[in-house]
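These notes are about the structure you will find just below.
Labels A, B and C are assigned to the chains in the order they are written; within every chain, residues are numbered from 1.
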């Protein structure tokens, strides 16, 4: 139980610190949100009134506590711009960002892991130089630029995919998948490169271990040794990277949604910054952060499932 | 040649070429980077306009040269901000250890859970857009990374005998830090800076693309990409070439950083 | 007459380092009979492990092998990798030195043993399980059912070594090679493992090649001994003869180096010659020791042939 408790405490502590940080960045820094909403010409009386209405005249710590309690109850505040509860604004957008991130992660794992194994198996001098260049290139390419290239090639030139926009899953499964495939791929490419790199190095490290020699002496073939022994050990460090990749996928989706004009959380974040809609920005950033912290927590738990050495 | 040194070599060459380009752009660009002439808008690459022209008829090559200034400026200054504060926080945590270290690192790790670009967007939304604020946001984004590197450097070096002995001899903290610890973690800082540089360039181009980063009239590659987006079909070279420069610069610093790290590991 | 199991004839192994070829094993010739435990003793760098690796076909890629290794009259040199897979653990198996790392940390130990049966036999799952439980009992592990489902980190060093032995034995190989099987263990556990190995050898009619740098262990287990130095067999013979009447000065030196209960308190004797590194070796120049003023006397005592060769030139 000790492992679980430790991870849970760290999970809650991280949420607390991150929420505190977000709150203070938005509330301590100069500039009144009321002023920002009403514009510079608004008179003082109006600003005061709005501040009262928004609860901005309360002491800081109370505002933080109210914010957190509100979030726990599903009340994320009211968007200045839309004049609706934030939760209402987010409702339709969450599935879009969620599908984007999930498909990107699936692509990362489904393409990255087999390629990593293949490259580790064919580790020669020249092939490994060329492959390390390609992975470097994948890591160095901005995902949104890659998005443009994918649109130009697969959507405009070959017409295989829509150039922009989202088709809801409820409308047409195939078309919906098509509409999120290219943006997901654009996010995934860099992460695939990272997975390949880590997995390849990890496999090559593992093949030097003694237990591999034991497996050879048992008379096992190369594939049996790879899939029954090496791979599971080699995936452990990759799992840690997968936590980082999840964070990166969500970060990447913010930009990619704007490239493909997908009405998800990322494009909402950008428009709400343009309109200085602070309750919305604050809640959005917190929600995205929470998802990432939750993903990292899940990775920690997965570790436990894969590695029996971690004591419960 | 060793595979590792090839990485270092290519990285160094790429960075040097782009750095030279940046220097050249201070003295010379083929055309004025902001010279508009709608009559020659969206021309394909030719001998007169090697990378073509944009929607206002501005020479893309000149604008890319001009944009390299922003890229290097943002990279270097944000590293300086991140390094300074990262040094203070990481140094305090590493030097004192114990509960101070625990609390500081807990906070740093929590911040690291948020993806860099989201953190930068958050800061920019409060600070407002523009070159200075972008630099500030990216600098703050980098503090946790540097704090971690410097803290672990301090932890390692603190255990070295010569540091312990000079402490016994009564050398002051400042003296120990500047004479013994700094030179020893210098190579780690260089590697971290190189790799952070490419991260900062990526983040800046992303922010500027979203319209949350560098604003006109300051030139920026990311900003150019957002302008180019509308002309994706009739002027694909605009998006293509601009993006390739971002890739080359990021690739250069990534390879340089990896090469330097391998070099350092080999030496130890 | 006992049946001949392993016959090694004129085995030479050279290792290529940076385009240069160095002799690692030279003219290794010996036999192992059924029911016999042959010990290989020598300092590190003498070529003991390399000999074992040659017999198992697991030499590193930068090596070149000539000569002959016959297991029950079947030539092993230049076998295909498919043929080797069939041979290993069926005909010849290895007990490793490091029980801490020789097992896969993420696989239940029972599965690591039964995997051998699943690969090489047509047993059903149930039979594999029962055979595995049997072998766990045979290597002296109590509660074999619960051991079957444990992971290595849950077991002590001695228990892990028993698992390693079980893996080597489970498919009844004709020849077992034990490469320093007790070196990494505590003294008390060492004694237990040695007893276990002796027991098992008595019960099964197999043959064993037992590699160690420790005369104490060798003398307890082996019937016949090879003494190696710098890639060559210096002397070989039945255990009793070798201990009571060693012929070669190097063997005498090794025997003198055994810590003796009676001589407690005295400084330990160690052979005043180091084993030359691989890159110092030149073909036809064994034992490769560069003669200097300081070591002239020692070399003359231990390897008189080297001085004869020098004077001949």
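What we mean here is this: a contact is a pair of C-beta atoms (placed from the backbone, for glycine too) under 8 Å apart; a residue touches a chain by one contact, two chains touch by 3 or more.
Keep in mind the model is a prediction, meaning the values are calculated, not measured.
Trainee: Considering only chains that satisfy the touch condition with chain A, which of them also satisfy it with chain B?
Mentor: none
Trainee: Write out the two chains that share the greatest number of C-beta pairs in contact.
Mentor: Chains A-B share more contact pairs than any other pair.
Trainee: Quick check for you: compute each chain's CA centroid and the global CA centroid, then name the chain with the smallest gap between them.
Mentor: A
Trainee: Centroid of chain A to centroid of chain B, CA atoms only: how many Å?
Mentor: 22
Trainee: Any idea how many Å lie between the Cα centroids of chain B and chain C?
Mentor: 56
Trainee: Which whole number of Å gives the spacing of the CA centres of chain A and chain C?
Mentor: Between these chains, centre-to-centre, one finds 53 Å.
Trainee: Quick check on the complex: what are the chain A residues that touch chain B?
Mentor: Where chain A meets chain B, its residues are 13-14, 17-18, 21-22, 25-26, 29, 31, 125, 128-129, 132-133, 136-137, 139-142, 144-145, 148-149, 151-152, 156, 247-248, 250-252, 254-255, 258-259, 269-270, 273-274, 276, 281, 285, 288-289, 292-293, 296.
Trainee: Within their complex, state which residues of chain B touch chain A.
Mentor: Interface residues on chain B, with respect to chain A: 3, 6-7, 10, 106-107, 109-111, 113-118, 121-127, 198, 202, 205-206, 209-212, 225, 229, 232-233, 236, 239-240, 243, 246-247, 250-251, 254-255, 258.
Trainee: Can you check the complex and tell me which residues of chain C touch chain A?
Mentor: Listed in rising order, the residues are 56, 58, 84-90, 93-94, 96, 98, 101-107, 112, 115-116, 119-120, 151, 153, 164, 167-168.
Trainee: So in the complex, the part of chain A that touches chain C is made up of which residues?
Mentor: For chain A paired with chain C, touching residues are 209-211, 213-221, 224, 228-229, 232-233, 306-309.
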